[in-house]
């Protein structure tokens, strides 16, 4: 089986299947608190259109969804439904944790008797998108990173060592693209 | 008694003799817990009081003098003023009569008070936990609530 | 004088009456993850065929214990938590907490702060209503208004982001003033936006209000009579739609609301259509208010207190109310003189508006339940706190 | 007036070769491959068209990252759906759960046979074409019912019962409006119906009667396709994903495919019945204009008209909200059905006294 992986047929087949799988990721609507609004902005608004990247069909039932975008704080009572939802999703499935509440509990870490400090204690997470709430562009960056991850690992030899990637905004690059005013603000120091 | 507003004056003259304990500030009134229910009945149905919205019902846990403070906040849409009614009940025997017969919203505000503080309401239609699981041990918002899940600052 | 504690299973078994003939009733779980429950609210519906016999809302799926956290956090930090409660009227929530602190400690804010606060409160109301209009139409099946609502909201969000620095959780109004001063081009941007949004609202009316299907699905559906609305403790657009003209901005004017003339939209029947119409009317009133204030923002300092000044409220109970996009937000503080409140309680408008659905939607169909629930405009983290 | 010589595959093969088993087997194989290729082509283009039109209505861009202008987006969706894990819930009825998508797809595939693309491009020309179509297209209800019942999920059962009641009742008004055209054309054979519109399309020739039956047919077919404003079975905001909640992977793909092929077939039937199938667009008395129109091959005419109807159906989907279940049934039984019956009586009278020109 080892020699088969390197041959031209499987690598090209891998490339084609990965291309198909990465270009049509269908998200599952799962928003609990404020990050849900930013997720709705990203998937369902004309300014930031997630349909360009092929994930226009926002499915409601976990059976047809590929990626579970966890947006919002997860509390003790929500653990059982979240686990059930994750198990109901069909392989191959991915999880994007958006927002600092999902990554680490956010502003509710201290003195809270219910918030779960980070969703990776409940379900395995593939991509973390920091921010409170993260901008829709940050969510796109998370999805693009997920697409690169899908393209990287090969289908035939299924690698299940999914290393979670921190999708923080790299310094300087995205700022220019997001808004020109942002650049203007950086230029003249008067407002800072 | 500092400067009393018109509505408190009306209450004070009409029902002072057998209900009102004392008047704390121009917006606040303290009554004893036995005759809470008929005082609230008067507040709602009296012609020139007409407090028809129970805006808010909270509980304050005074640990050091071992008592719960029940705070009712009423608003009258006709005379457009609100008033705070508070009463105290002992911490070891937190039982009081429900007001859900007068205002329907009280049913769920009292369920929240039971869920967080363990205050029991007599002849309440559906007294059970509101936010937490049914098998949750302890009442979280009490000052002496210990939970190793909570990280201290 | 009987105290009878019950659990959810008891409630479900007790209401499952044995029926020999006819269709057997069954329970269905409109569970925590459902597109039309605006967050994580779980309805246990007792259905007979398509007709909803009884609704049992189950909460707690986003209960983070904000009031417990509030007891160990200073007043200035608690403002951050109120953002995450009702994230669609976050600036007005901040104003609620700041108002309690300022009244308790008799802090006098100048004219400039009050106008900026009123303008941003009205902007936040517009943001919340445009989003509500989109989600309302999507719940009734039309997907496109959802996109139009978000498009108009996006322009407003970028204007707010210029001054407050964040799109959704602003924590802009602090006790003693506002965090940053407004930019010089702020009023021109707002004026352009007002010219842009006014015809848009007429377009909304055309697309959704004049649509015969929407009218058929909302008229005389989920009627909340006047004394029912008061008895169920509903406030804001839900109460005004039932005919009770209670609006804190008019009855107890705070900020610049006393010096601005605007009308309060009051419905008559109290059905879904009135609640829809009241909010559309409120959008237009918000535009009037902003228009009257935007031209004469007086000069002055934007922050009266130093950021490092310690805030200690005098001992006793303090309570103050603010009119958010969904109703009255009351902040009740029991203070024992320390710098963090002994007990802080948020009278959340969504929590009190939610329970009237158990009365309104009993006996109607599932589609009516969805329509009524989206006219109540509930934001779940504000219910669970 | 150009006369078209009626000829189609079935006749060519029957009279030229003697019918031994191999030619018939080859012919069936050829048709099978032809239909499959045709289906994937039509469904994928329809998925792409729907997404782009929806994006245009909602002033956004729509898929444009995969392939040029997003053309390969449906291909990527299809491949991904094939790769997905097949789901069979624990307590579900395994066989029925597996068969349900086949029913839906089978129903619309078999109704492709009688669609007259042009005078000689038609799989088989039954002389009871329209009757066959209305019989076969009601098989789709069976597929949805089995899907809803067998996936052991209260939500999908609710969706399935809703769709069954909706499609059954709208079947009536479809048949009533077909009968109006059959009374006018005097035949059930699809080719002859098209040819009867040589001197004028039915929608113009039959005055008010056929216009009413066109509207009834259009409304009823939108309801038959479960599309807004009648998409109650899988109303996202009420029932979640309706009857295909428990389906994933290529089984969900079959439902997706069946929906879009049904859209194509119903618009094809609308075109053949009311808008003169593959006949070119003629204006009365302008000979030079008519001759110019004949230059374009009939199949192009057919696809132009079909795409017009499809655009209207997609346009309706993204503008109108959803009806409630009792309003839906009220609309059919209390309004469309009586209107259809009256319409038939009017058409009979107008044929008797030949009001139509």
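Which chain is which? They are A, B, C and D, in the order written, and residues in each are numbered from 1.
Heads up, the rule we're going with is that contacts are C-beta pairs under 8 Å (C-beta built on N, C-alpha and C of every residue); 3 or more make two chains touch, one makes a residue touch a chain.
In this text, all values refer to a predicted model and were calculated from it rather than measured experimentally.
A.B. asks: Spell out the chains that contact chain C while also contacting chain D.
C.D. replies: A
A.B. asks: Which chain is the middle one, judged by CA centres?
C.D. replies: Chain nearest the centroid of all protein C-alpha atoms: C.
A.B. asks: Nearest whole angstrom, what separates the Cα centre of chain A from the Cα centre of chain D?
C.D. replies: 38
A.B. asks: Between chain A and chain C, what distance separates the C-alpha centroids? Give it in angstrom.
C.D. replies: Measuring from centre to centre gives 29 Å for this pair.
A.B. asks: Hey, how far is the Cα centre of chain B from the one of chain C, in Å?
C.D. replies: Roughly 24 Å, centre to centre.
A.B. asks: Provide the C-alpha centroid distance between chain A and chain B, rounded to the nearest whole angstrom.
C.D. replies: Chain A and chain B have C-alpha centres separated by 46 Å.
A.B. asks: Would you pick out the residues of chain D that each touch at least 2 other chains?
C.D. replies: 58-60, 236, 240
A.B. asks: Could you list the positions in chain A whose residues touch two or more of the other chains?
C.D. replies: Touching at least two other chains: 45-46, 60, 77, 110-114.
A.B. asks: By the touch rule stated above, which residues of chain C touch at least two different other chains?
C.D. replies: Those would be 34-35, 60, 63, 65, 68, 72, 147, 151.
A.B. asks: Could you list each pair of chains that touch, in label order?
C.D. replies: So the chains that touch one another pair up as A-B, A-C, A-D, B-C, C-D.
A.B. asks: Applying the document's contact rule, which stretches of chain D touch chain C when the two form their complex?
C.D. replies: 57-60, 154-155, 158, 162, 228-229, 231-232, 235-240, 318-327
A.B. asks: Under the touch definition given earlier, write down the residues of chain A that touch chain D in their complex.
C.D. replies: These residues of chain A touch chain D: 16-17, 19-21, 23-24, 45-46, 49, 51-54, 56-57, 59-61, 63-64, 66, 90-92, 155.
A.B. asks: So in the complex, which bits of chain A are touching chain B?
C.D. replies: Per the touch definition, chain A meets chain B at residues 76-77, 109-114, 117.
A.B. asks: Touching chain A in the complex: which residues of chain B?
C.D. replies: Within the complex, chain B touches chain A at residues 132-133, 140, 145, 147, 149-153.
A.B. asks: In the complex formed with chain B, which residues of chain C make contact?
C.D. replies: Of all residues in chain C, those touching chain B are 1-11, 59-60, 63, 65, 67-68, 72, 227-228, 230-233, 235, 244, 246, 251-252, 316-317, 319, 321, 328, 330, 332, 334, 342-343, 345, 347, 351-352, 355, 359, 384.
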